[in-house]
Amino acid sequence: MMTGLSLERGHALAIHNLSLEFPTFSGAIKALDNVSIDVGKAEIVGIVGESGCGKSVTTMAATGLLPKGRYDITSGSVSLFGRNTLAMDDGELQDVRGKVVSTIFQEPMNALNPTIRIGKQLTDVIMRHEETSLPDARRIARDILADMLIGEPERVMNLYPFELSGGMRQRVLIAMAFSCKPGLIIADEPTTALDVTVQAVILRLIQNRARRTGTSVVFISHNVAVVSQLCDRLYVMYAGRIVEHGATRTVLEAPQHPYTQALLRCLPERVAPKQELEAIPGAVPSLLHPPAGCYFQPRCKEAVDLCRSRSPRLAGAEGQQVACWRRGVASETSGQEGRQ
Amino acid sequence: MAITRIIFPRLILLLFVVLGVAIITFTISHLIPGDPARMIAGDRASAETLENVRRNLGLDRPVVEQFTIYIGNLLQGDLGTSLRTNRPVAADIRTFLPATLELGTVALFIALCLGVPLGVLSAVYKDGPIDQIARTVSVCGISMPVFWFGLILIYVFYAHFQILPGSGRLAMGIVPPERITGFLLIDTLLQGRFDAFCSAVYHLILPGFVLAFANMGVITRQIRASMLDVLQEDYIRTARASGLRKGVIIFNYALRNALIPSITLLGLALGDLLYGAVLTETIFAWPGMGTYVVTSIQTLDFPAIMGFTIVASIGYVLINLLVDLAYMLADPQIREV
Amino acid sequence: MSAVMPTDPVAATAATRRPKPLSERLRYLWYLSRRSPLTLLGVAIILMVLVMIVAAPWIAPYNPDKVSLTSRLLPPSAAHWFGTDEVGRDLFSRVIYGARASCGAAFMIVLISTAAGVLIGCFSGVVGGRVDTAIMRLMDVVLALPALVLAMALAAALGPSLFNSMLAVAIVRIPAYVRLARGQTLSLREQVFVKAARTYGASPFYILRWHILPNAMSPIIVQATLDLGGVVLIAAALSFIGLGAQPPTAEWGALVSSGRSYMLDQWWYATFPGLAILITAMGCNLVGDGIRDMLDPRLRGR
Amino acid sequence: MNGSKWKSIGVALLLASTPLSGAIAAQDVLVLARAEDPPTADPGVEISNSGYTLIYAAYERLVAYKGASTEVGPELAESWTADDAGLVWTFKIANGHKFDDGSPVDAAAVKFSFDRLMKLKAGPSDAFPVLKEVEVVDPQTVRFHLTAPFAPFISTLAVSGAAIINPKVMAHEKDGDMAKAWLAEHSAGSGPYRIASWERNQSIVLDSNEHYAGAKPALKQVVIRIVGDVSARRLQLTNGDADIIEQIPLDQAEALQKDASVVVESNPSMYVNYIYMNNRQPPLDDPKVRQAISYAVDYQGIIDGIMLGQAKQMRGAVPSGMWGHDPQGFQYTYDIEKAKALLAESGKSNIHLTYTFSQADPAWEPVGLALQASLAEIGIKLDLQSVADTTKRELAANGKFDLAPGAWTPDFADPYMFMNYWFDADKMGGPGNRSFYSNSKVTDLVREAGSIVDEAKRKTLYVEAQKLSTEDAPYLYIMEKNDIFARRAAVKGYVYNPMLIQVYNFGTMSKTE
């Protein structure tokens, strides 16, 4: 399958047709179904979707962070700067993580070790990947903290995480992610737990630093509004599948997929005053027993018989692709029918 | 400031506990149907002799007065006189406590040395063969009747193979060293009695292991559970995402945090240790507090029973105080607020 | 996180209470046993012990109290699987009957301490104020008592009997349940449905009975199950020291105690009853662990 | 797996590391292993045989049992005389006896010891119910004044409580305790040994007393080790770590007899096992019922099956080793028919009794079980009730029982210890008459026998009292047990005296090895 978009400067991350299952007693949970995501070098790409749709699973699978032995990759490949992360052993992954790809997680409250001082946590990472002495590592840490607009970085380094506000902690985490100058940063809902006022600042920090250093960023969020301000391109996920993909502006201004459209209608800032906010009826389907055909069809107002029997696949022009029978050219994905 | 805030309520509690325990044990000992005077003077003592013994013990006075006297003496550190040995209970406790502490310390040390690594391995390799083995061993430890385990080990190692001693603190022919601390391992070394030191170590192996085994089970289970909790914390994911090495993550980032809740458990384990020590000592003829209190109970030596109970309760409160302090030192969140 | 960790469907199944076909349930049991063979082993042990308790007269080949001075201290054989004791009683039969005393005692201890602990704890939590403080201080004192020693002292005071030692062990275990029940009560008291009930003018007793007790029970039951194994050991230990069940009652701890002096020549005497204690305690602990794992949302699905 | 192979590995380990046991004790050191620490070593307080072990070794008395007999002869006293009424006894103290600090044993020391005993008024003082005063006549002469004639008086001077203590011990007095705390674990006597050290619950070391007046002991040191577990004691004996071990269950004694290097000492003792029948409790208040029960006991079955033959059936109250025993006396036998007939005669039926026992004596439980079985044959239902020993004593002392087992040993060598304690109607309950037996004829007989000095006369009185009381069957006379301990064959010179259970003549014992 083609991604349809040209990436002039080459790939930072190329996920190709990735399918992943969690085996459980009642059967396999199909968490990812043929997910393909490309991230160009120095590009900022967003993945949006409701929680549970597989955004985090995708990136965690790509960086080998999922719990061992608890999942099966049934198909697909992942290429991180040309290297196949799926084939790496623990040691190789450890070398890659932090150095080539860093992840910023949500919940900054818990993402830092509560019993270790900030400075040590930063220098541990720096000294793990860079050949530096402790004083050098501390200087690097200080500089990068300063770059994250943290006043008195020296003092902050001597503090414990619980002595910092949520926003400050998230800056520390971002600093940590950038500290070894990775080529790719995965920001997994980095601002979800923060105040709205702090959110904007944090997002700006990530964006600025990434643009300045030419770092690629994968931005994961359930909040379309947040993503729209930052990203060059956007992937919309639903129930473990990519349903729409395109340049941010295109997707936001002319959403094709009924799900994307519904998602956008939920945004308060996009709704005209006095018009009612809309909620998407129904719930995300169980991935243990997914519905036949298009996964969105049980909640889709436009669904027709075809939608209920066959899964649509991603298709469309370079600038925008959508997986929907009711939109433009769509062909059938292979072997999706009748799965229980 | 933080320290006083922890210590002060504990000291108040200590007062409560000592008073409460004194009341409870005093009440119990006066419920005892057996007549302590008869225990001392003998079965066939004449009524006159019994009366005299009762008067000497103060047992002829009203109960409230007896209690006031007891508490008054208690406050001066006087635990009364043992009915059986005619010695001050405090002196008896000083005699027997070191042996128990020595056994307990060795057992705790063994239990920690085996239990912590086992718990860590079990959590890290969850559901793997190592985990299954570790869990089986730990469940065995928790479920082991100490008294029976001791008997079996004595039978196997002492009676059958004759490779380890099965009773006492020193070999028959070895003259005990002068008593300095009461801890044989220390006293023998202070006096350069290397033969006695080796014998003491040798005699500690079986009882130490028996006592350690049960506690090891508890420790393994606790470390495993808190390691599992910690390993799924976000900060461990952060550490993994930063590419830190597995060993660093497990020992510097995870174990450290997993040990904090375990400190509380250590306090509880010390309580268990006391209970286990009483049984272990009776099996291994270990001349410690356990043997002392069991004999005291069998002979209704109630000043000794009360003294033991009070000392043990004070020990319990103090251990908890230490545990809280250790907790405070280990967790910066409590320490610095 | 939620996206990453698929949850086990057990909870969902229980919530919807959809009746499942037998084959499905068996399949689930098989799945559980593969995932946690140790828990299943525990269940098997408990079942075995239950059978011993219920069906002792039918399983035991001999009358456990039948003295036969001509067959003293016989080694294990086809006729006497665990051998005989110093007055010729069949040890296999005595071990089987011993399950009644040993496990019955453990069960009663847990029942008494749980019931008392829950009542005191809920009462303390609902009433609050000075009464609550006083009760909790008292519990601190009881907690500081060395459990075994109090049990021994009580047993010595009230006379050694299985019932007295049971009572003693139960008393020292009350504080743990009081704390648990009080904690539950305090957190439940703040729940919306309890507050709502209060605004309707429901009496504290009504709230306790219908809102707090039913909701506080499940963690308490888990704790009680977990304690059962330990209590089996303590009850046996007290009998071993001679403060619990008194001979000629067949009780495992007492059997080990009598067998102790025969260890050198008649190893079987103390060995088999002790093994029974170990296996039973193991069964309780394995099941307790299993139940905790199943109910603990943090551990579930791992 | 091959046991001997394992053993050799064990031995190799043993040699490689530290020794399992210390060096085998030297020839002049004797190691005794026993289960429990003696409570104290204070003659004025101690009432247990395990304490007597120390007291007899460390102190001398005015008189001592002669060898294996229950008769007394001179020890500190070289001679004595009594007035005709038996109220004043004068003792001449032998020269040359010295306490372990070298100071001489004189009349003042004797007076001090008895004054202390009577002032402490603890258990041992009960052996001297009529002692009025001790008078120092001159340094070598001491006179005892009694309030009433007391036939066994001279025998009582051989008991542990009558030990003569060095008056200098008062230097250790604290809070007016008559040096009770100090003497609890030290000695101040003139016996062949003195307590050199006492590690509580571990070991007691007795060193020979250089000032001892008698022959120099062959054993320079006696070590008493406290070894709680019987299996451990047994192994230590067979390994040669211990020379003497005590408290051996009968089954172990059988096994030990197979070891050629070990001698199991089994001697008839005056330790009797009997059962109190509560004479005040219906239907046991009917002598016919008590007799019926006495005929229903399978005495020989108990002795063979439970005691493995290491006992013999009692015949009357006074045991066979004591003078006053009547070898022709009446003895109940196992006769179910007679028992049934007697029970029918009594007219009582549907009898339901309780046997209240403790674990203090290992035989009590099996005896109870045997009793249960045989009483069932004559239609009496017997319940066994096991209680703590302290509870049992209390119940027995207060008469709250139907049947309860008892064990009795004499404190001094006189039938008084049995007859006057067991049958005097004034001694009901704790002091000794635990069946609450009341027969004024018997009471008169034993009181008379207790107050006259003429031994032949006393004997006839006691035999008569035994005849009457045995007919009334207040107690079930079960058995005289053997005293059993084991020693290495190399230990020589032990003399068994039935009055001195757990007491050894260390001073005249030796080891060949």
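Labels for the chains are A, B, C and D, by order of writing; each one numbers its residues from 1.
The definition used in the following text is that a contact is a pair of C-beta atoms (placed from the backbone, for glycine too) under 8 Å apart; a residue touches a chain by one contact, two chains touch by 3 or more.
Nothing here was measured: the structure is a model prediction, and the numbers come from that model.
Ranked by how close its C-alpha mean sits to the mean of all protein C-alpha atoms, the top chain is B. Comparing chain pairs A-B and B-C, the larger number of C-beta contacts belongs to B-C.
With centres computed as the average of Cα coordinates, no chain lies farther from chain D than A.
In terms of their C-alpha centroids, the spacing between chain A and chain B amounts to 54 Å. Once the centre of each chain is set as its mean CA position, chain A and chain C turn out to be 49 Å apart.
Spacing of chain B relative to chain C, judged by their CA centroids, is 24 angstrom.
In terms of their C-alpha centroids, the spacing between chain A and chain D amounts to 90 Å.
The set of chain D residues that touch two or more partner chains comprises 229, 231, 235, 388, 390-391. Contacts with at least two other chains are made by residues 32-33, 127, 154-155, 159, 282, 298, 300 of chain B. Of all residues in chain D, those touching chain B in their complex are 3, 6-7, 9-11, 13-14, 17-25, 31, 36-37, 39-40, 42, 45, 47, 121-123, 125-126, 129, 180-181, 184-185, 197, 199-203, 205, 223, 225-229, 231-232, 235-236, 239, 241-242, 388-391, 393-394, 397, 421, 430-432. Touching chain D in their complex are the following residues of chain C: 67, 69-70, 72-73, 86-87, 156, 159-161, 242, 246-249, 260-266.
Residue ranges of chain B in contact with chain A, taken from their complex: 127, 233-235, 237-246, 248, 252-253, 256-257, 260, 330-333, 336. Partner chain D is touched in their complex by these residues of chain B: 32-35, 38-50, 52-53, 56, 81, 84-88, 92, 95-96, 154-155, 158-176, 179, 195, 198-199, 201-202, 282-285, 287-288, 291-292, 295, 298-300. Chain C makes touch with chain B in their complex at residues 35, 37-38, 137-138, 140-142, 144-150, 152-154, 156-159, 229-230, 233-234, 236-237, 240-243, 253, 256, 260, 263-264, 267, 270-271, 274, 277-279, 281-282, 284-286, 289, 298-299, 302.
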